[in-house]
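There's a structure below that I have some questions on.
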Amino acid sequence: MDLTTYIKGLKLRNPTILAAGILGSSASSIKRVIRGGAGAIVTKSIGVVPRDGHKGPVMIKTEHGFLNAMGLANPSYHEFKRELKESKGEVPIVASIFGGNAEEFKEVALGLIEANPDAFELNVSCPHAEGYGADIGEDPNAVENITRAVKKAVNVPVWVKLSPLTNIVKIGLAAQRGGADAVVAINTIPAMAIDTESCFPVLGNTVGGLSGAAIKPVALKCVYDLYSMLKIDIIGVGGISSWKDAIEFIMAGASAIEIGSAVYEDIRIFRHISEGISRYLQNKGFELEDIRGVAVK
Amino acid sequence: MIPMDAEITHIVNETPSIRTFFFDFSLEHIPGQYVMVWIRGVDEVPMSLSYPNAITVQKIGEATSKLFKMVKGDSFGIRGPFGNGFSLEGRSILLVVGGVGAAPLGALADRAKSDGLRVETILGAKRADELLFEKRFKEAGDLLITTDDGSLGHKGLATDLVGEIDLTKYDAIYSCGPEEMMFRVLNVVEGIGMSSRAQFSLQRYVKCGLGICGACCIDPYGLRICRDGPIFRGDQLTETEFGRYMRDASGKRVKI
Amino acid sequence: MDLTTYIKGLKLRNPTILAAGILGSSASSIKRVIRGGAGAIVTKSIGVVPRDGHKGPVMIKTEHGFLNAMGLANPSYHEFKRELKESKGEVPIVASIFGGNAEEFKEVALGLIEANPDAFELNVSCPHAEGYGADIGEDPNAVENITRAVKKAVNVPVWVKLSPLTNIVKIGLAAQRGGADAVVAINTIPAMAIDTESCFPVLGNTVGGLSGAAIKPVALKCVYDLYSMLKIDIIGVGGISSWKDAIEFIMAGASAIEIGSAVYEDIRIFRHISEGISRYLQNKGFELEDIRGVAVK
Amino acid sequence: MIPMDAEITHIVNETPSIRTFFFDFSLEHIPGQYVMVWIRGVDEVPMSLSYPNAITVQKIGEATSKLFKMVKGDSFGIRGPFGNGFSLEGRSILLVVGGVGAAPLGALADRAKSDGLRVETILGAKRADELLFEKRFKEAGDLLITTDDGSLGHKGLATDLVGEIDLTKYDAIYSCGPEEMMFRVLNVVEGIGMSSRAQFSLQRYVKCGLGICGACCIDPYGLRICRDGPIFRGDQLTETEFGRYMRDASGKRVKI
């Protein structure tokens, strides 16, 4: 079954993409995910200066998902250029970047451009790093300006990653106005856990983001809403761990899907999900295109 | 999982810089597996299980210093056990141990002894008073000691001895200690074609412990210390970053 | 162990409260929940005119929670007065009400007042009824005005139920300005599911709200944030199904907690949770008051 | 659970207004349990399982009419089975059946027969051609027929016969049909102190099917049709709303 997927300006061998911040911090881990079947890679979010990230615990597995507050740990674009270069080859590599304002986003994008990323994903939605991510992503003007600034600076596709804790369609439209080629929904949902034995919040950063199976129905609704209102491609992410999940997102209008927490089960999840999608399409006698947005009545 | 509450029942001052913290429950585990130790309000750090109910810790920085201030009755959080652990193979094994690397290998020695294996240990430390689990390794089999300053046993490095003895008589070799030390062991076993019979316990920045965040991956195959390791066979480590560089908390490469 | 709980103007025998829309539609079901140990009851949300609610499926159990789009089915305040009267007695009964604007909220509140509810809970956060609930609850001015209007009209405590899909602190502050005696967080999170066999969204209303265990870490974070910024009582709700969950919410600052979906396991969940809280406090040598907000550093 | 996809394999026109829809899998269930049937794009409605792989449906309104337009190969969604089901008791039982109430009781008759019980059925309908599962009940034991218009069997109501026969000879009595009918049966068995030996299958607005939303609760004890029922013993129903009123989709009381 042919799963070739086109997202404005990019051609993917299949619609499964590694989500930002998951095993995407070095060329070696990226290549391992490519061997695991991913159709494209989004790197860890990269910024202007190195960040060690938050104190631990930075991530725990809960009964229904995962909580994390990594804190945008990254070695800065200066250092990451090398990883990006070494990653290039088999599948499109999308550089996730963040900054405190349009200038910083532009600086990081331009800083990485010599490593030839195939696209950029703008992280305006990380819920647990003050002054970054969702703090910016709540403001439609900021999102529009940042998108426009990066779009002007580079000549590869630009995706904008959205937070669920806003009027997501409003922010998605802002990204579209700014020239985004696609939006990615969703980042983790702000969340926390408390240890009743010690009375301490469990995450080192106190609060963090919820990912994994728990958030799937929420992410799906975001994709559904965005697909109804936006013209550009929607990339779905949040709790996808099976081919059925992936198909739900495609039926809600996703052009492709990203997989994050589910690498916990198996790094080859990308291959498994692609195979599952193929089997499903074959059984039903559908092409991938036939089911895109089909649940949006 | 929310970290389990581990209450300290007993503290053993092993060396001037190393203590064993026993806590109020036991974890079924394979020697070599680690737990994430949550020093509340400070940080969470990986520690090998030195006993089913204990970790043995060297005072290094923030989290370990806070731990060293704790007394009986205080508690910390524990997630785990995580990772693969050592695989005990054959009948006669050699342990090459440096410093606090004795934590997982002490547990392995106990297990090997109770399984009836022949255990020989080369135990190294800076000074005589920094030797960890000396008695424990002796009880498990033969023990050779090295100290950097010669204050006990052979003066020099554990790896000096490794170069001298006939390794082919062992079915398996296990090593944990400073990476320079383990790297030398790797070079020796590689030289005699035994790298697949040697197992190393690696230390890298471990953050999530779940195999998701990518912090602990080693080049060029992307093996994750936290999930695929922390124990690797020598043949998995040749031509990798091992012994050459590692990454700091930000993901930046730093020379070893 | 004494679990007596005070929420401005109300005294509860324990801090467990039945959440709105759960078995709260008739005096008989309310009494059954009271026998199950609840410290107080919130009724089904009541409006101006009868509503049949959405077409089915109106609710499904998912692997990690529940999805529902009941559609604010209710027989109107005219009809519901009788149920409210018959429910009164053993524990405080809080009438949940909704409307399209301040006038309607006021009409429903005044309409029910002769049945002597012990308090009102204003539903400005239902995610799946157009023109009601969260459509209003996104706008701080609307929330402030509605709260003030009801507060002026009645002389019992007024609670405001918040949606997680907004800047919840902003809306909480608006409720506080409007005179609310407490805020309740959170209502369900907008979500959906798609049947990959038929390509149909599963809920009759297409989209609905996620409740149950999946949303607990999100609700907890909302309570935590509100407690840090508001002066009035916070009532926590969302995914609570064990005494440990309840204690997490109290440690995050909740004065009391509401339980919804977890009645699925056992209607006596209120008793079980109270007993669990008692045991915990006894073991630790704490009073209930000692742990309130203790995780907020 | 996401509703299962049930593909129609076979449709039986039972009466002018009632059809049985067989689907492509069987559900392990207790007779009396129901499923939520999702007519996509229309509504989801409760239906008793009349066979492990079938529902038997009377055309009433929107959802049932849409179902009647379906043909072999079409499909609907199914959640369930839900509810408690009948409890088979004793050796000799009586079924009092009205109209489409034969759906769950047909399944019960099959089970009772295969369990070796003596089954007697009073089967009522408006007209002879509206009698449902006549052959099925006959095969299970003795059958008495009543029709409102006298077109077959006794002219009148099933409950007329219930008043005439000696009920004490049955170990248990099972009834499903219009609520007025079941209410009369309840009054008769109550009169002779047998209400705890009679079981009734109730119909109320069932929305969530999970016992959460409260739509289906009956006064004054708050018993939920969808979870605690749909089968109740007579002694659970005396002095309740049963036979008096029920609630519509909005929760408003409506007289029966």
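For reference, chains read A, B, C and D in written order, and residue numbers begin at 1 within each chain.
In this section, contacts are C-beta pairs under 8 Å (C-beta built on N, C-alpha and C of every residue); 3 or more make two chains touch, one makes a residue touch a chain.
None of these values were measured; they are calculated from a predicted model.
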Quick one: which chains contact chain A and chain C both?
none
Farthest chain from chain A by C-alpha centroid distance is chain D
Let me have the rounded angstrom distance from the C-alpha centre of chain A over to the C-alpha centre of chain B, please.
36
Cα centroid separation, chain B vs chain D, in Å, comes to 68
Find the geometric centre of each of chain B and chain C from their Cα atoms only, then give the gap between the two centres in Å, rounded to an integer.
51
Residues within chain A bordering two or more other chains
62, 193, 200
Quick check on chain B: which residues sit in contact with 2+ other chains?
none
Chain contact topology (line, ring, star, complete or other)
line
Going by the touch definition at the top, which pairs of chains touch each other?
A-B, A-C, C-D
Can you name the residues of chain A that touch chain C in the complex?
62-65, 67, 138, 164-165, 167, 189-194, 196, 199-201, 206-207, 210, 213-215, 217-218, 220-221, 224, 244, 247-248, 251-252, 280, 291, 294-295, 297
Footprint of chain D on chain C - complex, ascending
21-33, 44, 50-53, 55-62, 66, 68, 70, 73-76, 79-80, 193, 195, 197-198, 200, 202, 204, 260-261, 263-264
Under the definition above, what is the set of chain D residues touching chain C in their complex?
1-3, 5, 36, 38, 40-45, 75, 77, 79, 207-215, 217-222, 224, 247-253
